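Note that the chains are named A, B, C and D in the order they appear, and that numbering of residues resets to 1 at the start of each chain.
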């Protein structure tokens, strides 16, 4: 029977706010740790598998600070033995030549020996090693990276579903992959509670949440597709909670995309995320290999443009971005400190208590000249 | 009994987003074809019957690319034998003289022999011939264009209803027209499900949807009238589906007006459109006769202004606009590629499956510096 | 019992749009006339009782065009015999001296003989004479203006209620006034359905609707008070309809304030207004005495500022503003033509049929470069 | 059982408007007084405990005008004997050095003898003395200030709850404090109806309402936490009313934060506040010690930035800001006059009647060129 299409309201970071709790907790006393299939991390922060964000050295530093970096195995790190020169060339190109140069740089073939080498470099830094592969390369590269010592595999595409219909490929069966590889597999991205459930039933160890989250996201402009991150997180978190109730297995979800400030981190966790994956704010660290630039690696279609190079600047050390001290009031530094204080104000002792925070629709409007006026929190 | 007026919320392109599906489909495998009363088109794109968009050569090129151009029979093409000079004169006038010059140019009488000639020129290019007439000219011109070989007639006015009350005219009876002419008749514009149903019952072969769709549309400013396109499409698509259920006849609806990007195309189809009609983005093609300008032909009232000339620029070839490759990330090029990928992400193998896509209210805000960060879709 | 305050959503002109109807009517065939206690006006347009808008000559011209001007009896016209010089002085003051000069100019005492004289001047122009008095002056001036030949009295204050509690004044009893004066009395402003009903029960002949309608209205900024005009009109129109059902007496309501374009006029009528009262758009006419300026006469409190002088410019003749032809597409000219076309598109043959128009929430966003693309309405 | 998180819509000052009442009251006849545990104030205005707003002299002047200033005992006044030089140094620093200088200035230790001295200075001015302490200093300073003659103690932190979980501190028990000190205790800030109730049950004499109220508030950006003030006020006022019904004790709530205009004051009271606490608008007075600057004292975390210095300008005398006459139409002057007129238009004779005002959602959009057009209110 014909039905009129109904539209549900969806919310992004700028549309919502967290309400303080009825009880407060001392920020020093909160536990922000995050567990992924037995691996525990002191802080619920992952670095995006973007070439301008993560190289082996960055992975080492983020490990030292308590988080987890994911190295992109489909980019520069596995196409070039000497990446330093490439990064420097990308950064130095004039704006009008950058896109063409990126297209050329990425047309080089992947070298399997570099795959092993990068994993070993991360291991040598003392860090846990997480690597990202695209679905088409997963079966071939998974044994190589496991052999080299990788501990977590991330399989990431623009939209991930359990069933992909294609004439040319059989597609990736996640349950087979999980079984054959014997390592935790993180899969994404999705925004669908149904797909979240199906992926969990396939045995994956974590879900990346986020498709075209930003109001200004390219996939929104070009494809019309996208779900604002707060709604995406709320609905996939609900699927996780139901799956946990039904099976007793708790599979974390990680909000990935569109996070710019400490406030966005706090809202992600309050909406139900177990961790966040950070791109641009980490690309702005001294340790990021991109030298103050960032670029996407989207190739959704042979005749659509590859990601544009964007100058993001170099703002502070990774430690300062995560742990402060901050000299800015715009929320881009001391992301962990912000999360701890926010959890304290909500009265949440750990991430799963933060999931219970009350949130409300309260659109933000950027203005200036406001002052934060009260004294310290119970200190 | 007195009743308080209730207002229903309506949505435009910028208010909504499409959610990805639970299944994905390879973009190469999707079928975007569109059928109009037996005529099949590879891509669901029509070109607006605007003088700055369609001339016979443009119609030939759009046919080659799989779409359908509609030639305006109430404009320059049927008032001037040599149109090239006129277009060039319009383009070269200084801004302050343009409106007056357009008024003068359009005050010339229509020449019936040019009507036949333009139809024959389109046929000579190998293209299917669709022509647009205003209601007042329909009865006189319909036999002429049919005789000359036209295959589809478009009868278009600002607001089309089945019943028009007028002292001076009997008005057009669509059922008589459809019967007498023996060609597919496309009628518009409407946004009303009731009118959609009534027009289908009169035997028309397609409906153009859209009245004052843009938030900044002249008819919104001047007349207060307008329905945002997503809501207009959803409610007329519902009428089409009900009519199909009741009668077994499927009459396509075509979203016409306000489409600027690939995202808008995808949202139109997801909202229920069988095809889209494109104006300005096609006026920006090298093939458009308007030489980088566009203008409306609205004459709703003798003392309201004729359409203003707007400089839209010449951006790319029609092929690039429809099929890429695109060097831009703003969604204005590779409209067909965008639709294919979007359908793939939604898991829709054809246009009617795309009608089932989940949509949500998720207002877009234009910002800059965001990056499209994930790897290719299952490729 | 304690109750949590509930907030209802209210809508202004920019928040809504009118949907076209299922039937269309030829614009030449619509009847826009408006009746006020036996006085019939060809067009439902009143001019605000503002000094910069209405003088006797303006009243004559608006009468000729079918509308009704209201002369302010608490301003310049009744304080100065020779107003031309005063207007010219106000217009020529530098911006920084204007407010102080206005305060000085308005501190002159009212001259009762000028009250009679202005009424007689309007009558001499052949126009129907409507004059506006403030509540405090009503009892004293009403007999004078009636004697001089005025036909309609407007009693206007910022907020009008039937009951006003004051230590110093007994206040105006509208039922006594109506009975004693024997002329139609227009009262306002209100936005309340209850007050509308009460005023009708007191025998008034029309209600002015609008308190702080604009989102940027001074009373919104300063006092926090205001109701957007579409909601104000809908709810007072509902009270009018109920009163008419209960008593058989139809008392028109007039939307007053915030109207800038033809679209706003059409939305007012569609929301239920019987007529509109226009300020700034008429202040921009060649005939307005304000010489391209407008100013309010608000004195809500002795220590709050008198209205600021604003330069509105002189745009066109009053005839062009009301009847066109228009050379602009921003909706500020040919207001009557716009209303006729809008009614035609809705299928409304007269104002009371226009009250049945479907409206929707469809926020407008000002952008540029859109084109009004369809051919004439069924003509 | 797993539940999907629901988001409730929250509203700030710019989202709402007050509807005029069915009865009007003469502004001269309204009573705006506010009572705090036996202390009566002619006007419901408190000055924020900010260093740039309140010093003893300011407290004296605000007392003369009918309100109550709160002196911050954790800032400059209790760290420096000669504050004049410090204020002057802060104001004269170049922008880029200001934050570092503030950090240095505030690193000086608190001097208990200055605590007594400031209280005595306020008493000497003839004013009632209210002082603000942070929770950690409350037990130590409370006896000192009482001894020195303070009449009201304000205990303020970013978020106040009755239960605070901390490893290092037992925390403040409000019921013990209230009992031991024998002075009215004002506590804040909260936005929670539950916490409001609990604080009232602990015996506090007033509640400060507001956490991250502004859309652009630092705590919104940095921590994601904040509740728009209208919603915060409505829901805490509801708790107050319920507590009053249950116990017969009426504990006032004071909206604190984000108030800029007379309209904001009126909306706070209409939403249910008994009084408002004003920061920046008072920092703009000639009497404010900040010399045209304001700065927050937020130290929510050792590694987040201290409040930034913002230039707010010096606009008018405190008397003009509160009582006019005003030469501005932006609502920043004559705040008391605005409240009186607004109450008159609503028909509220006192603050508790103003709590019954009808409010609606009616977003404001800043534009220019509108005119406030009606004559005076029943005057």
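Everything below uses one rule, namely that contacts are C-beta pairs under 8 Å (C-beta built on N, C-alpha and C of every residue); 3 or more make two chains touch, one makes a residue touch a chain.
Owing to the predicted nature of the structure, the values given are computational and were not obtained by experimental measurement.
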Quiz item: Between subunit B and subunit A, is it the same set of residue numbers doing the touching on each side, over half shared, or a different set?
Solution: different
Quiz item: So what angle, to the nearest 5 degrees, turns subunit A so that its CA atoms land on those of subunit D?
Solution: 90
Quiz item: Distance-wise, how many Å sit between the C-alpha centres of subunit A and subunit B, to the nearest whole number?
Solution: 40
Quiz item: So how far apart, in whole Å, are subunit A and subunit C when each is placed at the average of its C-alpha atoms?
Solution: 57
Quiz item: Listing for subunit A: what residues touch at least two other chains?
Solution: none
Practice problem: Just say which it is for the chain contacts: an open line, a closed ring, a star, complete, or other. | Solution: ring
Practice problem: Give the pairs of chains that touch; include all such pairs. | Solution: A-B, A-D, B-C, C-D
Exercise. Over in the complex, which subunit A residues touch subunit B? Could you list them?
Key: 1-5, 7-10, 12, 14, 48, 50, 74, 99, 132, 134-136, 156-169, 171-172, 189-192, 194-195, 198, 211-212, 214-228, 231, 257-258, 279-280, 294-305, 307-308, 310, 312
Quiz item: Where on subunit A does subunit D make contact in their complex?
Solution: 11, 16-29, 234-235, 237-238, 241-242, 244-245, 261-267, 270-272, 323-331, 334, 337-338, 340-342, 345-347, 349, 359-379
